[in-house]
Amino acid sequence: MSDQLWILCTGILVAIVCALPGSLLMLRRQALMGDAIAHAVLPGIFWAYWVSGGADSLIFLPGAAISGWVAAQAIAWLSKDNRLSSDASTGLVFTFLFAVGVILISAFSRQTDLDQECVLFGDIIWVPLEVFRTEQGLSLGPQAVWILCITLVLFLAVIFIGFKGWMLTSFDPVFAQIAGYRVWLWSAVLMAMTSLSSVAAFRSVGAVLVIAFLAVPPAIAALYTKSLRRQLWDSCFWGSISTVSGWGLALYWDVSISGMMAVMTGVWFLIVWSFLRIRRWYKNTSYATSHQATPTS
Amino acid sequence: MPESLWIHDAGLWWLLFGLICIAVSCGLTGVFLTLKGEALNGDVMAHGVLPGIVVAFMVSGSRDLIWLIPGAALSGAATLWAKRWLVATAKVRPDSAAAITLSVFYGLGIVLLSKVRQSGTAAQAGLDRFLFGSAAAMLTDEVWIAVILTLSVVILISAYYKGLTVFVFDPEYAAVAGFPVQRLSFLLTFLTLICVITGVQLLGVVLVASLLVAPAVAASAWTHALHIRLILASIFACMAVLGGGLISASGDGLPTGPWVVVILSFFAFIGIGKKYFVRKLR
Amino acid sequence: MKYQPVFCIWVSAIRIYRNALLVAGICLLFIGCSETKPESDKKLIVTTTGMLEEGLSSIVADDFRVVALIGSGTDPHSYKPSASDLKLLRSADIIIYNGLMLEGRMTDIFTALSSEKVVWNFSHGLDSTRFISAGLEVFDPHVWMDPVLWSEGMLHIGKRLDLEYPNGQNTYALRASTYQRALLRLDSSIRLALDTVPASKRILVTSHDAFQYFGRAYQWQTLGLQGISTTGDIGISEIRNMTDFIIQNKIQAVFPEASVSDRNLQALLEACKRRGHVLTLGTPLFTDAAGAAGTPEGTYSGMLKFNQETLCREILRP
Amino acid sequence: MSGNTASIKSNTAIALQAVQVSYDAIVALDSVTTDIPLGQMTAIIGPNGSGKSSLLKAILQLVPYSGRITFAQGITLEQMRPRLAYVPQRILVDWHFPVSVQDVVAMGRYKPGAFFNRLSAQDYEAIKEALAETGLTAFAKRPVGALSGGQQQRVFIARALARKADLFILDEPFSGIDSASEENIWQIAKALTAAGKTLVMVHHDLQSVAQHFDHVILLNGYCAAAGPVHEVMQPEVLNAVYYSRLPSSPQHA
């Protein structure tokens, strides 16, 4: 299979893996969670390095995921019951964890280039090169695709099994709590999902694309969707469209593919928004003219 | 072996004075930002400066801060403008709008970086980190600039105190009552820009967000009066800089900026804990 | 009233992904058309850094095409790959990377690639006892700063090339030893020049620790204000201790690096000035990346020579 | 908090014993001890900040409180949940959420802890009835954001009705809605009481209390009066509470 197809395949997988938790996060007003997790993984990376002493990047995954989950939980807990606005708690928690990470690195491993940019964040362009192999050397496809596929199956199962629960706990958590839902548990599962997907995706495609795919495609879908199901599907769709168009333009201009995909999410947002705007304007004017026309004639 | 005890080191106190100035102006601005529900504007803007830096480099071909800082400021302002447009016109929620502008602008920065790399000039090496220094390495000129900036922030805030209060509390009412909403909104953007551009050079992209958020959160736990909250935020910012500076001066491997942030976060956590336990105990 | 959620989901899934498949199909067509033939039938060697590219070029002469991935003038830390870089790696016959985690996360990719391509870790050709330790099982990657060590690695590469593409005459090993001799000449000229610096003045203070191999090779004491890590930050105490050190040792110049901001060194300058010691900021030295192509310092040997000349000129300045 | 099967009178829906709620340093509600009668419509009234919502939230364990709250037959809130319906304040919810009216009403039938939560024919029947009773059948497929305030409130009422509960707790259901919706909700409330259900409602329109309710709890940071509507709704009782809250008086805000 062609390299470029693997890149597209990974891009679309990342788009879907991010759009699912991204939609729920957006509805819970926590769209910046991706950014927060991207920075809050630093102490986890240090911890993984300290425990293992090695430099194989796979060992950084669990450390980073746990650290990201702790951050996400802390943010959710701090902003519960409006103790603190959600953006203030986000700003507080991830800067704190990042600062702790920098302090640990400065104190104990100054001589190692140990930051998430270097040891965790990959780039989508390398995905086709990093493949799993059988002992005979037969290629089983890119690691990233495998990891993302597993994550995706996990998510689809979690979202599908609890679809109604996700809807209720996101829409009206107070009612859900009184009806006997353990709202905190749903929130914790969502945060674990987000942390897992972000870290898995950071490793294959880098941070900026994950932050973009968590936030922008759900926002595009939210411009017009009227049901949660449509919201989930359409944000996957817009993520995929951004992937394909960003990839094409990056090849054309020979620039960073991840960066271009992130930019394209923004471009598609503008396109969809203007399309909706023009359609509404067109409908309104045709409505107005038809109504003006009838009484006079 | 130090020649003199560090307490008597005038340079240290001068540095701490400069840092305090910046922390205080960030703390004051942060109180308004946090109340307005825009606490993360600092973070968004700090990421949004990247395309500006790269474009400034592409245009000027030099890494001189005289070129990079205006580029950074323009693109930072554009980021906030885009965010505001998303919220006001496209009816996107503030948190989504923040994430959208942050990721798209940063993505644009990466695209430009990958393009500028192909030009192969040596000067572009390390461009993405060039603006980001260390809090311990503040220069004398920069202290003076910090003093001037802080004075202007304080003067601007006191001059527009009433207007800002009403604007932050209830923008619609402020518009109806005839406050210059456009100017106030511009003022808040301008204040954020000052704080972010100076803060980014001392603390880096990530930690500057903390200077804006943490003092405001810490202060909000102890008082409901806005003017006291502003004073408290400044005091917390001062204490954190002093604490962080002294810790950092006490031994090697203790970076100044991150320690200031950690102490500030502790103040904020203590504030949140105080609120929480008071509620629990009664 | 009754609807079946499972069914609904699949209907919308099919509707959406029909469109997506359409787009993907068009892309496939595009890919099919855009597959280009390599420019020449020469075999291609891809290296990561410009330093490796240069060494390889002189070993293989015209037998191979040699291309650097990160390119001259780019710091490996801030390397952001463009779309064509993948094609470059794919079409490579041999890939040579520096190793010792200089390439960070990309090291994994080279490891994975090694099962389908010839991928050499340059540092594996070096005597591992001569690495400078940088923490748990991690070493300082700036091995090119010592030309002798570097030339040994190049010799090793030449030998491996002969094993890989034997022509019975050990061409590559021979050229590599020519290259090595050139580097040894460079080394002795640098050494000669640097030996004019009195031992008490052989202290090199830079913004980050990239000169450890250089320092060991020429018996210089090297100090970086910041560690190798670019994420770790410095504190007030580092600046003060460094100031004390500079004043005690009467150091007159500190040197920034071309790829790192010199702000931290400026602070050092001021701290010294406050205490009555005149410290100057030297001309930026080249470390992680060579200078602009076309200039003397745009090559590996030119960059080392430039560093040496700068040091002699500015440290010996009265 | 309320664990053992305490003695509770047979005609009591919720028994409150020395219930106290405080936020930060401020006591919002001080030692309320009273009974809410079974099968009647009870109003919780009082000036702004008198602790009406706090009492409701304490009953629903949404805020920490001290004291004891017991439900009919001495059961706990956990046991009561399946038979309890809550109508939150309309403004607390994000109305741009992508759900339809029917989706929201269906939420009343979700069973916590169940996977998939496939709704049965019985569930759909209950949803349909609830929509019909609130006059929303025609709007079933509309997104909730497109409704008027009164209609949105009726969606919440319908969701509560769909639960087929015995105890209904409503937080200011009449604030900011049109008179048609108000009329509809009163009718539903009457029908529910007639069917023997218990309704507890935070209310702030004093005029309509006497006309509609059976039982009243008057709060003023503490329980100022509680009893049948004709006993509490006396001018001297009300004046004592409402005039004491004028700005000049030294009360907690």
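Letters are used for the chains, namely A, B, C and D, taken in the order the chains are written, and counting of residues starts over at 1 for each.
Here, contacts are C-beta pairs under 8 Å (C-beta built on N, C-alpha and C of every residue); 3 or more make two chains touch, one makes a residue touch a chain.
Predicted, not measured: the structure shown is a model, and the values here were computed from it.
A comparison of the B-C and A-B interfaces places the larger number of contacting C-beta pairs at A-B. Taking the mean of all protein Cα atoms as the centre, the chain whose own Cα mean lies nearest is A. The greatest centre-to-centre gap from chain C, using C-alpha centroids, is found for D.
A separation of 32 Å divides the Cα centre of chain A from that of chain C. Separating the CA-averaged centres of chain A and chain B is a span of 26 Å.
Distance from the chain C centre to the chain D centre is 69 Å, each centre being the mean of its Cα atoms. Counting partners per residue, chain D has no residue that reaches two or more other chains.
For chain C, residues touching at least two other chains, in rising order: 5, 77, 80-82, 226, 230, 232-235. Across the assembly, chain A contributes 29, 102, 106, 110, 160, 163, 222, 230, 250, 253-256, 259 as residues in contact with two or more other chains.
Contacts from chain A toward chain B in the complex involve residues 26, 29-32, 34-35, 39, 78, 83-88, 90-92, 94-96, 98-100, 102-103, 106-108, 110, 208-209, 211-212, 214-216, 218-219, 222-223, 250, 253-256, 258-263, 265-266, 269, 273.
Partner chain B is touched in their complex by these residues of chain C: 71-75, 77-82, 226, 230, 232-241, 244, 247, 258-261, 263-264, 266-268, 270-271, 274-275, 286, 288-293, 298.
Residue ranges on chain B touching chain C, taken from their complex, read 1-3, 6, 9-12, 15, 110, 113-115, 117-118, 120-140, 201, 204, 245, 248-259. If you check the complex, the residues on chain A that touch chain C are 2-5, 7-8, 12, 42, 49-50, 53-57, 101-102, 105-106, 109-115, 117-123, 125-126, 128-131, 133, 137, 139, 143, 160, 163, 229-230, 233-234, 236-237, 240-241, 244, 247-248, 250-251, 253-257, 259. Across the complex, chain B meets chain A through its residues 34, 37-40, 42-43, 47, 90, 92-96, 98-100, 102-104, 106-115, 118, 206-207, 209-210, 212-214, 216-217, 253-255, 257-259, 261-262, 265, 268-269, 272, 275-276.
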